[in-house]
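Letters A, B, C and D mark the chains in the order given here, with residues in each chain numbered from 1 onward.
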């Protein structure tokens, strides 16, 4: 088996000549080497290497979901890969602390040489966003603009091609929509659910009304929000209402997918839901880590530049902060707690359903 | 020396009977023990212990700055203690991941028993905010309200008393204002500085104007912001203008303190500025870590509750997110990069000044 | 439902009077308050709170495994709880950085007041070790000794009682041994496995022999270790040999449990093995995190004391370092890679087996 | 000023064609692409990028200490750069968690293609060790061997050349030895110190003798170690004795450097010692983080391979574990707590000395 395998040398295997030969200081080129430009370059190169790895994982996951049926064994891989993505994201978030060892003044010593380069030009980061499901329509205006203006033709074409393909969000939505489990029992289960939800919301109404720490204004506000939650619940049980809210961007998941996800979350301890639950949790976590990254990144840029403009010729941290909340992708999973009921309020599943959620051997 | 010291036993020394006897599950009391309520209690108790430690450090630092003169040796302690606070904050931020191992459904199994308790009732956290400088006037409305309505009379009186004393922010502002260094050289230095700043801003104007990736709207916006930056710079050199902006809450530091801080940041490598620079950096970092904590905390609450109301009878995560940006205390330090110039644009300090920034032995 | 629930106040609910009233500085008592003793106390109290939480999780897991059959739904909880333990362990490891903000000199200012208290007297830590499976016989000599000499009678009795009950290690071993899956196919599978393993070991023999970077001595050493690995493999297929090695403490798991664990690891992507695989991985991780904790803790003590004796009257870091390697509990899981074969070397499972590893619906 | 600066494009600036084109899977080359080989390559490439950054910082620090005099302003940079190294080390330690998302079985699917490459062939890591002060004589045997056998001629020559130059350890030792402060007051101070140390050791003797939790054996052992500590103290005050112990490798620092470092640690709050104290602390921390890295790295290799041999044809984790303790460089700083006395036992410094430790303005 090991025949014909050529001996491998560490440095050659890793192509260290390329990797370690790719740090070219602009400040040096213009005769004024700035010590910290090395850090600036290496930090960005490390990010790009991690982006490549994250894309490697996401694309493999997308390939799996692009098949007609996803085998149970493949779901193990999918979850494993997404959990690896999360580990990498956590490290990338911590890596911001390293960039913050550079003082604003040190950055100023080479900032002018980098104009008009900008982190907005990272193709891999945009690919990563698109793969997860952040297509153009969901971006904030500045972000949309930057797709057209800041990229080379080739890069733009590449991204536009990617946007024409189904993203992980869409594939997972489809996969959830196809889940057969709800069909048979649908009627009874969601009836029961509606009743339990109504009781919970009535309790909440009472809690707010009797909260004498709220000012009149605040109470009005709270009750208004409770009313919105009630309407969301109504939409849960009424597809037409749901589609209306979805058109107003209150939801992004399809109605069926949302119901499947909710069912999985409510009964996550059932064997057959174990991996789907981990999948949903992983996607929620990926979205949360990405949000933390955007937030910390925006703070770091602000600390480095104050209200000065960045190398790209714009005051980056404003745009970055805006994207923090608006560029959420899996927000429906994140907000799903809205619809969850306590275990004690849930119906016992009939034996016949239960059995279908278990293993062959039971 | 060791005479008369009674033998010490680990458990007694740490009063473990008290500490480990303080977990009383409400769900158990009402006959329905919820496994995760233990986690909920312990996570909060650990936070309170860390708050106590942070207050221990902050109060010691405040005591030091309350003296008429702060000795150089004491500044070492001050910086050391603030850096310890940062370490604790980082751990507290990571601790959110532990709370996130509780699923929304697990939380729902005991949420109802906790009404109307709320994290807004943590006296130590409010003390910590007040000690750092977040007095009532700087809080957002909801937060102001909660001071009056949600606390016992005793707790409210305690906090109001604290608010009447100088906070760390005010003490550091005073200390910076008293720094003698600027007096003699003031005129020349800041003249030079103004000229260099003007050149930098003109360059930035050109960078924006020739940035063909900006839409017309964006360019207008960018130039407007540049204009604001210019006005901030003007205020730097004109105390009256500065006071106007300060009255509009554009600055919180006094004019003299801001100039001192800026001078320290520009010449941080001079021995005499080493500790002051570390002090400013530590306060900036404390503010940043607190902001990260607020942000991650708000996200965690949202993930746990969705748009449901919390135990305190309000949709907590809205208020929490609002405080993230508005409750910043040392924002002037954070934004100081606005006014920093690259080393190459700074004047050589005259020998006589330089000498005064060094050690006795030189 | 919410009737009859008394209103809850944050500070009362958390018993903050007890928790925040439990910091009594010995140095203050003897008239010489040391600022850092507060940190020392609080760091230890936080550890004890986490230990309580870890015990809460471990005991729940032990209860589950003490039942005659473990339901699939319960396994979800078990894994979830063990993963929470790991999160807590990671935080505890990072917490060492906070203790390290105390300088040796600061520690010396109150060390003498604590004699002869010692971290070896933490009952909860010993309970945690015992619950995981570190009973007396597995401890190093010093550690054994400290069970008898350093504790109160009551504490000792408590621990001895715990040692008489089955630990998590033993329960998991039993549970793995009971797994029915191997029975039917046993013969064929392990035959095939043996053959594949022999080929792999022959390849390794060749790799070592042709490694001209090894000195003669080293090559002899390497081949000796390969021989030991071969003997371990032989024992895998021969229960009598296995028992011999187990008596020499080369293994701790029973033969059947080890084979089950190995099978699970080899086919972890099969649905029915998903949770068992996560269980094994979690126990491995708990052991690894505990080892990292011991190691970093030993280093911290050394840095704080050098070769000075600790408050317990012994040079703690020596003992601590010794326990790092010797007090491993789930080492068999950790070393299991020894016996793993690449996917490509494994047999295709017969359809009938495969089916039995899947869901009812397939 | 910005004239003549060519526009900069993100991807070109970072040479992403090189960096992202450097992942060539061996498994793919041999027709059998293994998904996880990408992770393996990228993790190692990221490590190499960080090594490059660490070397960039260490070399700049070495350049500074290679000058005849180190200016106070330069010391600020030195400390800043070493603290950046520590931040990078912490991230590298956390990065091990990412490698651990690869299962042993996944690694086995491409292990055979990498023979005989080995992490021992990382030139940058060896350069980093040498720069810090780990020259050949201090290495364990296996490690020494690997310098000769596993490298290309060019690489070996490069390292041997580096070994002929002064390392950071030697330069810092020289710099400490040159510190003038001790000269004048030496006699009195160290006399006083000796007396205080003797008292402390007598107290410790009593603590051990009256520790009835120690067995006879243990007490003998403890007293023996106390005796060794006493002898170390004697050597502190007697250069000849010190040199003897140094020849036995009990110390690595020169006598004068050790005394200077001790003085700095005892009086670290004096302004002039602030940066030197931070320097010593940073080097201690770098050594500790490197040790943690070695330890966790060894554990990771063991978990991945068990007792199997690695790609380099040897059972890597044995060697790795050995290096953990033996390859310590700044152990004298780490163990310095041995010689520290509590503040209360130290002499008041005479006013004339004190003054010389302060600023010009005081």
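The rule is simple: a residue touches a chain if its C-beta (ideal position, glycine included) is under 8 Å from a C-beta of that chain, and two chains touch if they have at least 3 such contacts.
As the structure is a prediction and not an experimental result, all values here were calculated from the model.
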- Note on the structure: A correct list of chains touching both chain C and chain D reads A, B
- State, to the nearest whole Å, the distance from the C-alpha centre of chain A to the C-alpha centre of chain C. 33
- Query: So what's the Cα centroid distance for chain A and chain B, whole Å?
  - Reply: 29
- Taking each chain's centre as the mean of its CA atoms, how far is chain A from chain D in angstrom? 39
- Listing for chain B: what residues touch at least two other chains? 1-2, 112, 115-116, 203, 207, 268
- Message: Please classify the inter-chain touch graph. Allowed labels: line, ring, star, complete, other.
- Response: complete
- Message: Quick check on the complex: what are the chain A residues that touch chain B?
- Response: 32, 103-105, 108-109, 111-112, 115-116, 142, 145-146, 149-150, 203-204, 207-208, 211-215, 218, 222, 225-226, 228-229, 232, 265-266, 268, 284, 288, 291-292, 295-296, 299, 302-309, 312-315, 334-344
- Would you mind writing out the residues of chain C in touch with chain B in their complex? 1-2, 5, 7-11, 13-16, 18-24, 26, 30, 35, 38-39, 41-42, 44-46, 48-50, 52-53, 56, 60, 80, 83-84, 87-88, 91, 94-95, 97-98, 101, 112-119, 121-124, 152, 155, 311
- Hey, which residues of chain D end up touching chain B in the complex? 1-2, 72-74, 76-77, 199, 203, 206-207, 268-272, 274-275, 355-362
